[in-house]
Amino acid sequence: MTADSPARRPADPAVRDLFEEMRRWPIFDPHSHIDPRRPAARNLDEVLGYHYYTELAHSSGMPAEAVAPELAPRARSENLARHLAAIDNTVQHSWLIEIARTFHAFPHDRIGPETVGGLYDAALRDGEAAGAAWDEQVWERSNLEAVFLTNEFDDPLEGWDVDRYVPCLRTDDLVLKLHEPRTVERLKAATGVDVGDGAGLREAVVKLFERFVARGARACAISLPPDFEPRRATPRRAVTPVRRAIRGLDLRPDEHAEIRATVFWMLAECCAEFRLPFDLMIGPIRNVYPAGVAGGRDLFDRRVSLYGYRELFNHFAGVTFPVSTLSPDAGAELVAYSWIFPNVLPMGHWWYSNVPAFIAADLAARLQAVPKVKLLGYYSDAYKLEFILPKFDMYRRILAETLAEQGIVGQRWSPDRALEVAKLILVDNPRRVFPHRAR
Amino acid sequence: MTADSPARRPADPAVRDLFEEMRRWPIFDPHSHIDPRRPAARNLDEVLGYHYYTELAHSSGMPAEAVAPELAPRARSENLARHLAAIDNTVQHSWLIEIARTFHAFPHDRIGPETVGGLYDAALRDGEAAGAAWDEQVWERSNLEAVFLTNEFDDPLEGWDVDRYVPCLRTDDLVLKLHEPRTVERLKAATGVDVGDGAGLREAVVKLFERFVARGARACAISLPPDFEPRRATPRRAVTPVRRAIRGLDLRPDEHAEIRATVFWMLAECCAEFRLPFDLMIGPIRNVYPAGVAGGRDLFDRRVSLYGYRELFNHFAGVTFPVSTLSPDAGAELVAYSWIFPNVLPMGHWWYSNVPAFIAADLAARLQAVPKVKLLGYYSDAYKLEFILPKFDMYRRILAETLAEQGIVGQRWSPDRALEVAKLILVDNPRRVFPHRAR
Amino acid sequence: MTADSPARRPADPAVRDLFEEMRRWPIFDPHSHIDPRRPAARNLDEVLGYHYYTELAHSSGMPAEAVAPELAPRARSENLARHLAAIDNTVQHSWLIEIARTFHAFPHDRIGPETVGGLYDAALRDGEAAGAAWDEQVWERSNLEAVFLTNEFDDPLEGWDVDRYVPCLRTDDLVLKLHEPRTVERLKAATGVDVGDGAGLREAVVKLFERFVARGARACAISLPPDFEPRRATPRRAVTPVRRAIRGLDLRPDEHAEIRATVFWMLAECCAEFRLPFDLMIGPIRNVYPAGVAGGRDLFDRRVSLYGYRELFNHFAGVTFPVSTLSPDAGAELVAYSWIFPNVLPMGHWWYSNVPAFIAADLAARLQAVPKVKLLGYYSDAYKLEFILPKFDMYRRILAETLAEQGIVGQRWSPDRALEVAKLILVDNPRRVFPHRAR
């Protein structure tokens, strides 16, 4: 069963038919930040606390303190609601309204100081039983099939149904923060390996993969800054830097680079060995705006190219690399690399590129130039379950429009042929590319 | 009262309604090169002399000498008219036809050798009184409210109504040409400060800001090459280079860079102190094609990123930075930076990006991802008053189309809600972001 | 007479009318890889062997060996047909279906294992007479006027009608591979000059131009990697590197760069002297994916700018440079450079940019901002004659849509005025820019 949101059905009948059919399919969401122990929001603050709202409100004038963690949830929601009018043109705001209307019977099309109280009450789920029931209701109403998580390498991976909430090994810390003492400590604790040098590091990383795969992990993932260029590791050269990093000693910039390259390559080798797809999320630079709200401080440098990844793609021909690029203008290059490299797959529309104008441009080109069996349509990147439906609906609307215009009108495809492509992109390809490995 | 140009009303009724309503609003133009003492054109040569026509005609085969300054105005117009057929597909040509039809009752839809004479006669305004009356007529007919100027730092700022023609301190010469003796001379003459070192320079710059603000200036502006990266000034390191520059001595490249950084940072400090927005116009490289016509020699290198401006945006949290980027493919990055940094506002569509295809793409993304209160819709960049109306009409048509498609059809907004956004973008935001400071 | 492909006529009547009229005009194709001695395909393998199909099929999972050269043509076709379903969403697949339907009366809209046999039979042209008759038939049915070739510098240029199949001097090897012994040997053999140093090289290159022009060549062409930046040659500095290259001695990277710059500049000088346009095809990096199928191994680095070509464009004001850029996101910069430099002309939509979504975006901007007399609409880049018609039809559809929307609806142009622009772009400009020089 899918949600009913009559206000946002596409106006064009051909588009609407495609959209309605797509909404009957289950949602397979190959990347999110959902907490599987508390997947749906317990109150409105957990919805409004999504960094899109706090950062856009802050960008339009709200002080960061208005949503400080020490405030009561209701106060934070009220503070934020006073600034929602300033951002009610954005697509992010439209997700919010769809959540309010779909899940909480909110009757208005904007949320303001005078309506936030009622909505807060309607969205409140107090106590564990009410929370669990709500998780189930949102899951059903959104027609979810699988939601991938973002698990730190030392996540115990216990306490939830891994067929619904699929583990995914996130490896940023290992590659980018090995020199921080906390990382090595966590690694030792998680694996029981007394990591002291490169060999110990490898042993520990293999243990991580074993544990994740045994617990049903179906992908490894990492986000990488725009100046990172993977290169074949030269273990001998890395011996000393890796040992120094593990011991928390000071490192020169070239040693940092050597460590990153070495650990990253090691991860790729494990992906090959354990037959896990390796999601590459290319582009972010962390903390570009340090005074921003939590989650709203990262940006990018648009001067980035997949050319820097050629050695990786060539060397690991057996590893599937679902690739997301952050800078919207980098999307066209990803089309070309996905068209040539069998193991490069364009995946979703990420963060600053997750805007209808950019999605539409990227999607049109992917549909025209990348084999349909390689297209991984969309992922929610959501922190709370409620966001999956409106985000996927946004994508499904654009997909319906694109297929109607390009396929049905442009190429004289039948609606069934258009839906065949849509089904691959939304459901069949993700299922095939991220298969069950364990058990 | 607005101009009547029935030929260019949008065909779609919903779009037309939005457009017609927008045309009832006054035009607030936050960046132009208008000469406030001779704002409207005294003859057709001052219209056809706009660099867009001379450079496009030259690009299509007209020798630069055909529009040499030593020729008589009528001869220049006749020469140019012989080449207009070659560029009558361009959007720039469409502005010209709209001027001819709106302001001079020109009945044709192209201007050629056989019609240019009559148009020249119709556009001629001989004598001071006729000129002044014409300025008034164009102002009224275009329904202008405020037109920002581009004033050199030593502009006396006397002789016009600064509520209509708003002073704006243009600072390219100070940052990029401090080493040229002429710049320091002009600075001394304009401020009475005997500039001899960094301290004297600062004193003089403060004097400039005082004078500009006292005379009603509402912005500081600068255009910067793509490789410029602002950084926090290190006054001690700059002491010697700045002194050497002021004395006209030879400078090493690193000294040039130090001076640019120092002066630029000083200007930003003054913007903070005097509470002036600092317009950043990022991208142009001057004189890339030296054999071109006047105004038609500059281009850019598309490898540019706002990442280089992070230190500036962070440090001057209290300064508003309306940003324009020159390279059309840099527009998507500006959306992301405006979405995160409260003090970064996307402003207009500049020069090589001021083309409907680029405007439409940028505008759609801005409307979807940047808070509406931060959008500074458009500026004319015009040298003569007549151009403001057709340029704003071009933008208003695209805005109407975008709002109709995205807002009314896509989001089920009412026309009033769409107009609310348009009003902010076109009128209310510019008024608020560029407030009166003086008197 | 033009081909009949009723299934792909545009649905919108205004667009269809423009399209139908354009299809009555002859096709002038200023860049292809046609073999003038065997222009049309002798069997289906020569169609399916086009690198677009082998590389897309390989990208979607087909092993490169499935289309190995040692296989029988029919076996290769059958192997490939098993993978066509995976790519039947692509625009490249649509060309294939149009070829099958237009030239071989194929009744289906997809080609698969069960239909490939019949199609293979239908497309087979055994023996020289049948082949020659087929060449003629495809030429007539496609309504071709001129097809430019890509001729290696030592091509004998004998054995075909150079008014139909126009020679074009391709110079990649001279610039990028002078250090390979084979190149110098070929050069000596082709010119009879005992090339031993820079002077000898120049003598030989002039001989090449003389021979090509005498045989009807109408362009010189080269493809250049993204990091190449032409600069004025400094013959003295190049003396030793050039001599060392000619003798096959080892070269330092800076010597390689010196040689490339020197030879490239020499070619530009010859283009000036012989009044040949110099086609610049900017962007590819060869062999980025070495394990790919033949023709499917090259990619690019999107960080490229025409700013690197400023010295060339300025110095050779008398040489026409038709420019193609490979990276789709570089298209907007080309618009600006074509708008300013009289000798820079945007040419076609190349390879990874030859995708409707990218073509439409580039074309809209070119039509809005580049003088219409400078637009070189399209070229096929084809290896077999059959591809010219469907590729040009794809472009003509997009051109019709763009002119209808921008010109007829947006600017209230009459259909005749829109067709006037189309005629220039498709036929008149290419004829004028690439004129007959010889005889």
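Read from first to last, the chains carry the letters A, B and C; within each, the first residue is number 1.
The rule is simple: a residue touches a chain if its C-beta (ideal position, glycine included) is under 8 Å from a C-beta of that chain, and two chains touch if they have at least 3 such contacts.
Remember, it's a predicted structure, so these values are computed and weren't measured experimentally.
A.B. asks: Check the residue numbers that chain A and chain B use where they touch, and answer same if over half are used by both copies, otherwise different.
C.D. replies: Answer different: the two copies use largely distinct residue numbers here.
A.B. asks: Nearest 5 degrees, what's the C-alpha rotation angle taking chain A to chain C?
C.D. replies: Rounded to 5 degrees, the superposing rotation is 120 degrees.
A.B. asks: Roughly how many whole angstrom separate the Cα centroids of chain A and chain B?
C.D. replies: 39
A.B. asks: For chain C, what residues touch not just one other chain but two or more?
C.D. replies: In chain C, residues 303, 329, 361 touch at least two other chains, as defined above.
A.B. asks: Can you tell me which positions in chain A touch chain B when the two form their complex?
C.D. replies: Within the complex, chain A touches chain B at residues 7-8, 11, 55-61, 86-92, 94, 285, 288-292, 296-297, 299-303, 327-329, 352, 355-358, 361.
A.B. asks: Note which residues of chain C are touching chain B in the complex, please.
C.D. replies: Touching chain B from chain C are residues 303, 305, 307, 310, 313-314, 317, 329-330, 332-333, 335-342, 361, 364-365, 367-374, 406-407, 409-412, 421.
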